[in-house]
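Shared chain: chain A. Partners: chain B in the first complex, chain C in the second.
The block that comes next holds the complex of A and B.
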């Protein structure tokens, strides 16, 4: 069903009365996913946002319990309103399905499951990949709909082709027809051709564990968390005591304290081993555990790496050896 | 100029240098820090307007320096030399262990091709040969504009509540990814206060209190030491104007003690040393 921009605006303004809406917003020239109150705040023309939508499901900081004089009380997932993630790019929506493998598996994570349950994801097919994007190399597509409850395909004239993909999507767009057919082949072809970077995961990745390559390529790494914090699938967390609270917060595997154990031992102390860990977790351990690569090719790690590295280059370099 | 640089680096290996930290190119054609370990590695070096990295950062990186490399060669710009001076003054590196190859610089550009702010006001484009083993390149014809500290003034002009609101808004975006800290050549503490688990001085999670505390602590640790290389602001994924914060500290120190950090290799930080003519606290007017 073709919808016009003003129809979408009106629908969103209506939805924001009952739902908490996360959408791309331009702040100081960069685009972030933020809570919005009206359609006027939304940056419809964005490419890839700085942050990913993972923080809607795995918040950077989440209070689990508060200590009281008599013991403690647990803190329920705050704010029970239904939520809408609006205009998620296909890479980001797919990232959520990858995190689901961990958080909704045999022992579902209560908080994640609750946030996931009451959130609807409306995606936006991608017509503006940049030089760091490589979704098509890792099983994704700029026209992919994995993880979406509804999808909008930009028609290039300010209107969108709306596809409803689930019951949740139907609840958001009740007027859309039931089966609206596939995404136009022409759009898919053009969008996929626009993704210029290719990344080839070597079949022999596992054999490279002991390679000198990791020492060589990790030298410039700052051991910061820019890549992991922006990554739509990196989900490692720490549980810390902060004042009177027990808090779950993001952690990152390059950090000096990530593998620090009791008595100060660090079994992954060297920089190269941390760099290698990040690659292996995504491209070896995850496929082994869940049958899927834990990378969606959004390119954020390369785009924002302080020293212009990135997982795409790390993987491709391995092929050249 | 590049050929001369490559030749110079090759010659370093002929001497007792085992590692040269320089600029090179990644597979995807971006300018990156590289670590040359043999004469042939010099062939791949680059020099262009994206060599914004302050490579002195790696001189205290134990993962890079750990293996008894022998003497270290390092490629620097005039601005990086200031940082090297601070590292020397703070005894983090030994001059005798270094071979300093300085490049005369026309200024570095950001992703949009715009000259970096620090380059517009640069007065050290032609590095002092007394501090280097060699200086390469033609003397740049540049007329730097005077640093007017307009960004700092704009914030000082705000009433305190507004100022707090301004910085709270900026820090709200902070992911606590540590990129600013980890790229900083002068944030070399082996154990950062912000990373300590027990006690947890600064909340680990991204929160208003934790973020503000983190940046405040960094600003205090940097005042009188930061040479305004601007790398913290360049690498911040969420664009926090960290240089403004650093320059605020720099201006207070300059006005109070008349000191420009990194001016000489034996110049100690005024906040880490005592001089009989230091102003009394009440004489230091901080806006």
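The block that comes next holds the complex of A and C.
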């Protein structure tokens, strides 16, 4: 169904009366996913946001226990309103499905499941990849709809082809037809051709585990964690005490405290072994456990790395040896 | 909503000071109606409000009526807080987590338990379980080493094991760690193991201790001709969630908390340098 941006804005303003809406917002020239109150705040013309939508499901800081005189009291997930993630790029929506395998597996995480359950994801097919994007090398597509409840395909004239993909999507767009056909092939072809960076994951990655390569390429890493925090699939977390609360917060495998035990032993104390861990977790271990790589090719790790060392360069550099 | 991370409450029934920095807590769950089923080798997350949560193996065995025991070495903030607890204090407990020892695989085999320091804790639950059904197993041997004679944990139980004719118990301390009245061996665990020269035959070895000891002991078993499938170890990497989600105990495709903590040497060989 073809809809105009004005119609979508009107629909969004209507939905925001009952739903909490997360959407791309431009702040000082950069685009971030933020809570918005009206459609006027939305940056429709963005490429890839600085932060990913993972924080809608795994917030950077989440209080989940409060201490009482009687012991521990579980803190429910903040407010029970239904939520809408609006204009998620295909890479970000796909990232959520990769986190699902971790958090909704044999021991589901209740807070993640609750946030996931009450959130509808409306995606926006991508017609503006930049030089860091490589989604087509890792099983994704700028026209992909994995993880989306509804998808919008930009027609280039300010209108969008709206596809409803799930019951949640239908609840948001009740007027859209049920079976509205596939995404136009012409769009898919053009969009995929626009993704120029390619990454070839070596089939024999495991053979390079002991390679000196990891020592060489990790030297410049600042262990700042920007790559992990902005990554739509990095999901490692810490559990810490904050006064009367127990809090879950993001953590990352490059950190000096990530694997350091209280008694001092650190089984991944060397920087190169942490750099290698990040690459292997995404391209070897996760695939062995779940059948797909844990990278969606969004390019954030390269785009925001202070020393210009994104994961695509790490993989390609290994291939060039 | 009850979260995966909401601990149950357990009361400290008694505390044994094992060494100058190790205490064993006997814990009983407050809601005893909801039983706490576990296998030797599994672990729990113990919490002290405002201090935090940390991982401890269960040092007792399932038949120990209504209680479970954890031995805690004072090394950081959480263990410090646990050491401050008095009997009748409440702690939080989550679990049990992990796979535990493969009891069916161990049945009928000659078993050799090799422990170092507080690494005897998970083995203790297993040894108790095995001794409770002594006839189900072949020959039993225990090799236990500590830095000094005073650093040995479970001293009464070590004496009891030594007193049994159906268990060969060898105790050792690191060179320099002996006292004048020390009657055991003096030497590092892997060296004493080589002297004992156990035969691989129908044996299964179970190793737990500090990382350096595990690494050198696994190497010694390799030299002695043990099949890596028949050498088990319990890894004690830093963990937080206990269910394979927080990521820190990930080694190769395995999560120590979920796929372990008990592994065969064969399973972890490839990633040894990333573990120990």
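The rule is simple: the second predicted complex is superposed on the first by the 320 of 321 C-alpha atoms of A that agree within 3 Å, B and C clash if a C-alpha of one lies under 4 Å from a C-alpha of the other, contacts with A are read in each partner's own complex, and residues count from 1 in each chain.
As a convention for this text, contacts are C-beta pairs under 8 Å (C-beta built on N, C-alpha and C of every residue); 3 or more make two chains touch, one makes a residue touch a chain.
No experiment lies behind these values; they were computed from the predicted model shown.
J.: After the alignment on chain A, I want to confirm one thing: do chain B and chain C clash, or do they fit together?
T.: Aligned through their shared chain, the two binders fit side by side on chain A.
J.: If we overlay the two complexes on their shared chain A, which of chain B and chain C does A:29 touch? Say first, second, both or neither.
T.: The first partner, chain B, only.
J.: Touching A:214, do we find chain B (first), chain C (second), both, or neither?
T.: neither
J.: Could you say whether A:86 touches chain B, chain C, both of them, or neither, answering first, second, both or neither?
T.: The answer is neither, since A:86 touches no partner chain.
J.: Touch check for A:260: first (chain B), second (chain C), both, or neither?
T.: Once the two structures are laid over each other on A, A:260 reaches both partners.
J.: I'd like to know which partner A:134 touches here: chain B for first, chain C for second, both or neither.
T.: neither
J.: Who does A:173 touch here: chain B (first), chain C (second), both, or neither?
T.: A:173 sits against neither chain B nor chain C.
J.: Does chain B (first) or chain C (second) touch A:281, or do both, or does neither?
T.: It touches chain C, and chain B stays clear.
J.: After superposition on the shared chain, which partner residues are touched by A:187: those of chain B (first), chain C (second), both, or neither?
T.: A:187 sits against neither chain B nor chain C.
J.: Taking the superposition on A as described, I'd like to know which of chain B and chain C A:272 touches: first, second, both or neither.
T.: first
J.: How far apart, in whole Å, are the nearest Cα atoms of chain B and chain C in the superposition?
T.: 5
J.: Identify the residues of chain A that lie in both the chain B contact region and the chain C contact region.
T.: On chain A, the residues that contact chain B in one structure and chain C in the other are 238, 240-241, 243, 251, 260.
J.: Using the touch rule from the top, collect the residues of chain C that touch chain A in their complex.
T.: These residues of chain C touch chain A: 1-7, 9, 47, 49-54, 73, 75-79, 90, 92, 210-211, 236-238, 240-241, 243-248, 250-253, 270-271, 273-276.
J.: Inside the complex, what are the residues of chain A that reach chain B?
T.: Going through chain A, the ones touching chain B are 27-30, 32, 50-51, 60-61, 131, 197, 218-220, 222-226, 228-230, 238, 240-243, 247, 249-252, 255-257, 260, 270-272, 302, 304, 306-310, 312-313, 316-317, 320.
J.: Could you please specify the touching residues of chain B with respect to chain A in the complex?
T.: 26-28, 30-35, 53, 57-58, 63-64, 173, 175-179, 181-183, 191-192, 195, 197, 200, 203-207, 210, 231, 234-235, 237-239
J.: Which stretch or stretches of chain A touch chain C in the complex?
T.: Those residues of chain A that touch chain C are 64-65, 67, 71-72, 74, 76-77, 102-103, 105, 107-111, 114, 206, 209-210, 235-241, 243-244, 246, 248, 251, 253, 258-265, 267-268, 273, 277, 280-281, 284-285, 288-289.
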